[in-house]
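We call the chains A, B, C, D and E, going by the order they appear; numbering starts again at 1 in every chain.
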Amino acid sequence: MQRIGVFICHCGTNIAGTVDVKAVAEALSHEAGVVFSTDYQYMCSESGQQLMREAIREHRLTGIVVGSCSPRMHEATFRKAAAAEGLNSYMVEIANLREHVSWIHKDMKEATEKAIILGRAAIAKVHLNAPLQAGESPVTKRALVIGGGIAGIQTALDIAEAGFEVDIVEKSPTIGGKMAQLDKTFPTLDCAACILTPKMVDAAQHEKITIYAYSELEAVKGYIGNFKAQIRRKARFVDETKCTGCGICTEKCPMKKAPNEFNMGFDKRGAVYIPFAQAVPKVATIDADYCLMLKNGKCGICSKVCGAGAIDYKQQDEIIEREYGAIVAATGFNPIDAKVYGEYGYGTCPDVVTSLELERLMNAAGPTNGTLLRPSDKEHPHTVVFVQCVGSRCTETDERGKPYCSKICCMYTAKHAMLIREKYPDTDVYVFYIDVRTPGKNFDEFYRRAVEQYGVHYIKGMVGKVTQNGKQLRVQASDLLAGEQLHINADLVVLATAIEPDKTARSIGTMLTASMDTNDFFTEAHPKLRPVESPTAGIFLSGVCQGPKDIPETVSQASACAAKVIGVLAKDKLTCNPCVASSDELLCNGCSSCEKVCPYGAITYTDKEFRGPNRTTLIRRVASVNPAVCQGCGACTVACPSGAMDLKGFTNKQIMAEVDAICK
Amino acid sequence: MQKMMEKRALELLADGTVSRVLGWSAGEFPYDMTPAVFETAEELQDGFVYNDFCGANLSKYLIKESRKEGKILVFLKPCDTYSFNQLLAEHRIIRDNIYVIGIECYGKADVEKLKAMGLEGITGIYMKDGEYTVETVYGSQTVKAYEAMAERCLACKSKKHVVYDELIGEDGEVVTDCNRFDMVEQLEAMTPEQRFAFWRGELSRCIRCNACRNVCPACSCEQCVFDNPNSGVAQKAAVNSFEENMFHIIRAFHVAGRCTDCGECSRVCPQNIPLHLLNRKFIKDMNAFYGEYQAGEDPDKKPPLGTYTLGDREA
Amino acid sequence: MSHSNHATEQVLRSSGVDVRKCMRCGKCTATCPAFDEMEYHPHQFVYMVEKGEIEKLAASPSIYKCLSCFACVDRCPRGVEPAKLVEAVRLSVIRKQGQNHMSPDAIPALLDEDMPQQLFVTALRKYSK
Amino acid sequence: MKFSYYPGCTLKTKGKDLDRYGRLCAEALGFTLQELPDWQCCGAVYPMAKDEIATKLSAVRALVSTRDAGEELVTLCSACHNVIKQVNNDMKTDADIALRVNNYLGLETPYHGETNVLHYLEVLRDRVGFDNIKAAVKNPLTGRKIAAYYGCLLLRPGKVMQFDDPENPTILEDFIRAIGAQPVAWGMRNECCGGYVAVEDKTQAQKRSGIVMEDAASNGADTVITACPLCLYNLQKNGGSTLPVVYFTELLAEALGVK
Amino acid sequence: MQVTEYKPKIVAFCCNWCSYAGADGAGSARLSYPEEVKIIRVPCSCRVNPMFILRAFQRGADGVIIAGCHPGDCHYTSGNYFTRRRMALLFSMLDYLGIERERTRVEWISAAEGAKFSKTMTEFCATVAALGENKRLEDLRCKK
């Protein structure tokens, strides 16, 4: 039997003005288990807390009920006071007599009655309270960043600057991501390479950062503070430690038929290659799909010309294992495949390109050395048509497109249109738009400049069909404001294709037990208040893997994400919320119902031996909850048919006791 | 059929594929077919029976049986395979220790219906071409299948085996127009007062014998919440209407999304309470609200209560 | 807006189209092969049905110009299906007595010897009841 | 291989070639087209309205009798194919339409879209296989440049027809290659020729078919092929071009040496 | 003549993060609602077990309302989505058993929606009061 103390706060007249506090304290003093009951002017004050502490000592109280303001205000205060007297914090319950009683009711009699009932409910609960201990777990002071685009680089740099070790895992041979492929960046039009490559070098040179390029995440185990990751270092067939990046092998390689993915396939590269001049790490990679030596054992030229002796045709994939305290997903995006939009002629008409392809066609380091030439005949286009929202903003059931706005297309299309008009004033540029969406600092001004200063023709309407018409493209479109159907003979059509999360995101999300939405974007712990954290503790989100973003937004989110990671790594030990779920192994069926509804992946199963009848042992699969990962929502407790799963601090019996007390 | 099954079982026992056979044997009455485990060829030859009274779903017994030493052979009708799959998805049975023979089924007979037709001294039954031949001590007699078939079989949802190692007889198809929700719809069409009266009329007969729970393949908890004194809701016998309602609502809720609609609950109810109508209500609602879902059909598909979509209907 | 509520409801019901899904991109009109012949274009059908302006649409020759080619239906990113609205408005007209757009008597004059008979069938199906 | 076959009205009269060559080639390629008994005109245009029941019945009757024969239903005329396939989809997915149609027909076993509807071209692609056709060709049409005209009805609505990528189809091009000819790349192959208004508004039909024919010609085609009697008539009559328009079955017959 | 007005007993399960805070907000803004409503704090609406609801009716409640964060705003990201499914099914089942559908309700009330909290509770009370005493799920032993 608990020895319960009841403390009714007047809150000045806030409570006492409507509730007869003395009557409440008196009524509750007769409840079973209550050994002390009193009222006081301000329980939260220093002297109020003192009163409580004395009562705990004097009456050897094992449980406390405070009738006061909302627990959201002062629960922590009273818990601390109880703890100071050696009573477990979780033996304190609050009856909310202010927000839920005195402030909303006027009739003293009724308010007093309600206050007594709420007091009884709190007493009923305290009877079933058990002391709870917040657990602690150690923290490995190292972070893993998955993805080496601008998001991953920025997050890694910020974490490293705070003094913690960071590993970047990047699946391509170089870090840099999509930004490395861009020509200029909006709204300032500075060159992407000029601002990105110094950061890539910083990352490479930082003593706290290790870059595992051409590597992929293989498996992850563990929980916040204590992750164990396996990383597959794919065979480059080039010894990274020996290669100097001189590039002689790439020049001498006789097999020059591999499509150059960095240039969106507009030109070819060798079977041994360095993606681009500023690649980090700047080492060669052999593409096993094309290398003659690897395919049929004949060639070996690169090995002969390599002065450093870095070529190693026998290299194998290597799996390394590392421990981390926090993991950052920065897996980025890709444009969707525009081939599904056959009506725009992509894939059948060579002069229909995507915006990312156009970036390469305009980039000084691209296949045309920065001169805008159309792919079909390398001629300069005189009429260029941009189509916005290709695959964005589609209805949920659309099989070809995405339901969301890709967010960056309006701005980069304005940029493209502007750059073309600036470099080639003899070009007519049309942009077909549904809406022009330019929220962002200096964004709308930028778009207006494209229209007003550069004379880009913005037309409200959509393109319906693009067909090849001799050397030109016939573009059939609507001009909704003029009520016309337009037929434009264009030389180049550029599709602003929707962006989607990288294909690897889904499997990485599964490994991390980080939840994802139906579009494969990572879900944030709270859409407003915790936007850079995954609901799974210790997993953080950086960049477009969480949702479409432009570069400035990506960089700010990357830094915010770093701050959250530093917050974890800076601690030596993590305190866990003790109000977590726990499973009674004797009752658990191991049916996995709870696991399915857990947003945190906190539940795992093990086969355990149990004593059966007649001295037999039975092996049963039972659930166990990792208290460091569980956040205490309780979804599992209802999913569990056997009642094995319960939530500490809000147990089935506690809640039913409150129900009973209220309905009495 | 019985001959083929017995022959195959003997072969599998003999070649050591399995060490035990889970099948049926005659109970107190020849029409009262009871699940039984046979460990030797002799036991099998003596006791094994299969006929159209063998309605019992054997899958639940595998929770215990598949954890024992050696492999066990089990005969599963199409509807039983759904329960089997569901138990598999819930990790309740160990697949490696089980050899499943799927057996064809065209509907089991309800002995009560036969008795009501005046048949006495029933000793056996088999179906051929849409007719049951009922053997009695007074000779055999044929009855139109649909006149004597169990209600649940008349509304059979599937003649397809969703899991098996081998088949005896033919595999069928999912029955798309089984009309199994007709009665639920009729109830839904009533006024709340009529519905309340209907269910009071039914549930007030409940004697809390727990037969429904004990036979149900989804009710396989180590300890039922209603038996657990620490659960706060333990009740051994329903003392009043509330407790009757409580037990059956919570039972239906606990099996919602897991119940394969095998109909065993109603089959075994000594008070003939149509308990399957509670489960079917949940199944029908889940289909209507969240898309078609058949428990046990595809172990990889997420159950309706284990997932959600952003656009779900409001409660 | 309210004067033709009943007509609007009938068109919405008969077409099964949710006009509120339209985001006004105009792709239907951009892709429509009958644009030049139409007074009201596919996107206007969607917008005007939403506004309840069925009478205007019903009185327009546009309802006989749709080629039922389903290009607007397939290419609409929002799944709106404007062609179904055109058909529903046309039906609302020709289902009224004496409102047939084409009668069987008129057909012989339009015939030529190569014309496949499915063409008359469709013409009668589409333009009369 | 045996299929139930729905020829449709036009294939019995003006579109005899489509049918005749289709049957000859089927025989040559080893599959049988069993004409449905007592089929009725499908109506030739799919009634889009949800409250149109009567106009869907004849398609359902054909579907039901195919189901009862335990076969798949093959069509050859694009218009019939479109109507029957779309009505079948209604019966499968629109419970209200299915209920009302079933009530009206009073079938012993209600129909819910169980029948699989195939176009002749799908049989060629998915059952016979273009590689096998290639092997069976006796007179390859080498050197011929052929424009495949899909029109609307085979492809759209793509979700229902499930015939090919509605925006970038390849089935007819693959067919052309199989018979030894060279397919022409052209943009108007899946744009409407205006066939449905050829009675009511000749000018519009002329304009649309003119655009289609001109595109085929300017891309170097020597022949246009189609699976649709409506398109064939309209392109020939109203297209204002001397370019021949023929049924794909005719070319197939030629290539197989059964013409 | 003084007529004793019938007052229903209402149990409101409120999630800690949104609706309980919304109730606090109603208090801070002095937006009154009937005192028949008694709130039980749960971490998330998904903590509410159907057993708790039946228990409340057994012990004499006339109405039970569950309030949680708006869909998409759950503190635990997905809890309220599970609540929505579970309660949609449970309420439909209660209705199927002939128990008045209006005695149970789920509402999404954010921490900022004090006014909505007060309005919802007032309405719910009125609805339940109009139904009268809960007879169909009562347990006479629990009645005084």
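Throughout what follows, contacts are C-beta pairs under 8 Å (C-beta built on N, C-alpha and C of every residue); 3 or more make two chains touch, one makes a residue touch a chain.
What you are looking at is a predicted structure, and each value in this text was computed from that prediction instead of being measured.
Peer 1: Listed by label, which chains are in contact with chain A and with chain C?
Peer 2: The shared contacts of chain A and chain C, listed by label, come to D.
Peer 1: Please report the minimal path length, in steps, between chain D and chain E on the chain touch graph.
Peer 2: Steps on the shortest route: 2.
Peer 1: Relative to chain E, which chain's C-alpha centre is the most remote?
Peer 2: D
Peer 1: Chain with the smallest distance from its CA centroid to the overall CA centroid?
Peer 2: Closest chain centre to the overall C-alpha centroid: A.
Peer 1: Averaged over CA atoms, how far is the centre of chain B from the centre of chain E? Could you give it in whole Å?
Peer 2: Each chain's C-alpha centroid was found; their separation is 37 Å.
Peer 1: Let me have the rounded angstrom distance from the C-alpha centre of chain B over to the C-alpha centre of chain C, please.
Peer 2: 54
Peer 1: What is the distance in Å between the mean C-alpha positions of chain C and chain E?
Peer 2: Computed value for the inter-centroid distance: 50 Å.
Peer 1: When the centre of a chain is set as the mean of its C-alpha atoms, what distance in Å lies between chain A and chain B?
Peer 2: 45
Peer 1: Multi-chain contacts in chain D: which residues touch at least two other chains?
Peer 2: 159, 166-167, 191
Peer 1: Hey, what residues on chain E touch two or more of the other chains?
Peer 2: As it turns out, chain E has residues touching two or more other chains at 50-51, 55, 72, 78, 82, 86.
Peer 1: Give the residues of chain B touching no fewer than two other chains, as numbers and ranges.
Peer 2: 225, 232-233, 305, 309-310
Peer 1: Pull out all the chain pairs that touch, please.
Peer 2: A-B, A-C, A-D, A-E, B-D, B-E, C-D
Peer 1: Can you tell me which positions in chain D touch chain C when the two form their complex?
Peer 2: 8-10, 13-15, 41, 43-52, 55, 77, 79, 152, 155-159, 166-167, 191-192, 194-201, 204, 207-208, 229-230, 233, 236-237
Peer 1: Where on chain D is chain B touching in the complex?
Peer 2: Against chain B, chain D makes touches at 109-110, 112.
Peer 1: Can you list the residues on chain C that touch chain A in the complex?
Peer 2: Contact set of chain C toward chain A: 21, 23-32, 35-36, 41, 43, 71, 75, 77-79.
Peer 1: Show which residues of chain A lie in contact with chain E when the two form their complex.
Peer 2: Chain A residues touching chain E: 70-72, 96, 98-101, 103-107, 110-111, 113-114, 117-118, 121, 515, 523, 525-528, 535, 579, 597, 599, 631-635, 637-639, 647, 650, 652, 655-656, 658-660, 662-664.
Peer 1: Applying the document's contact rule, which stretches of chain A touch chain D when the two form their complex?
Peer 2: Per the stated touch rule, the residues are 339-343, 345, 347-349, 399, 465-470, 474.
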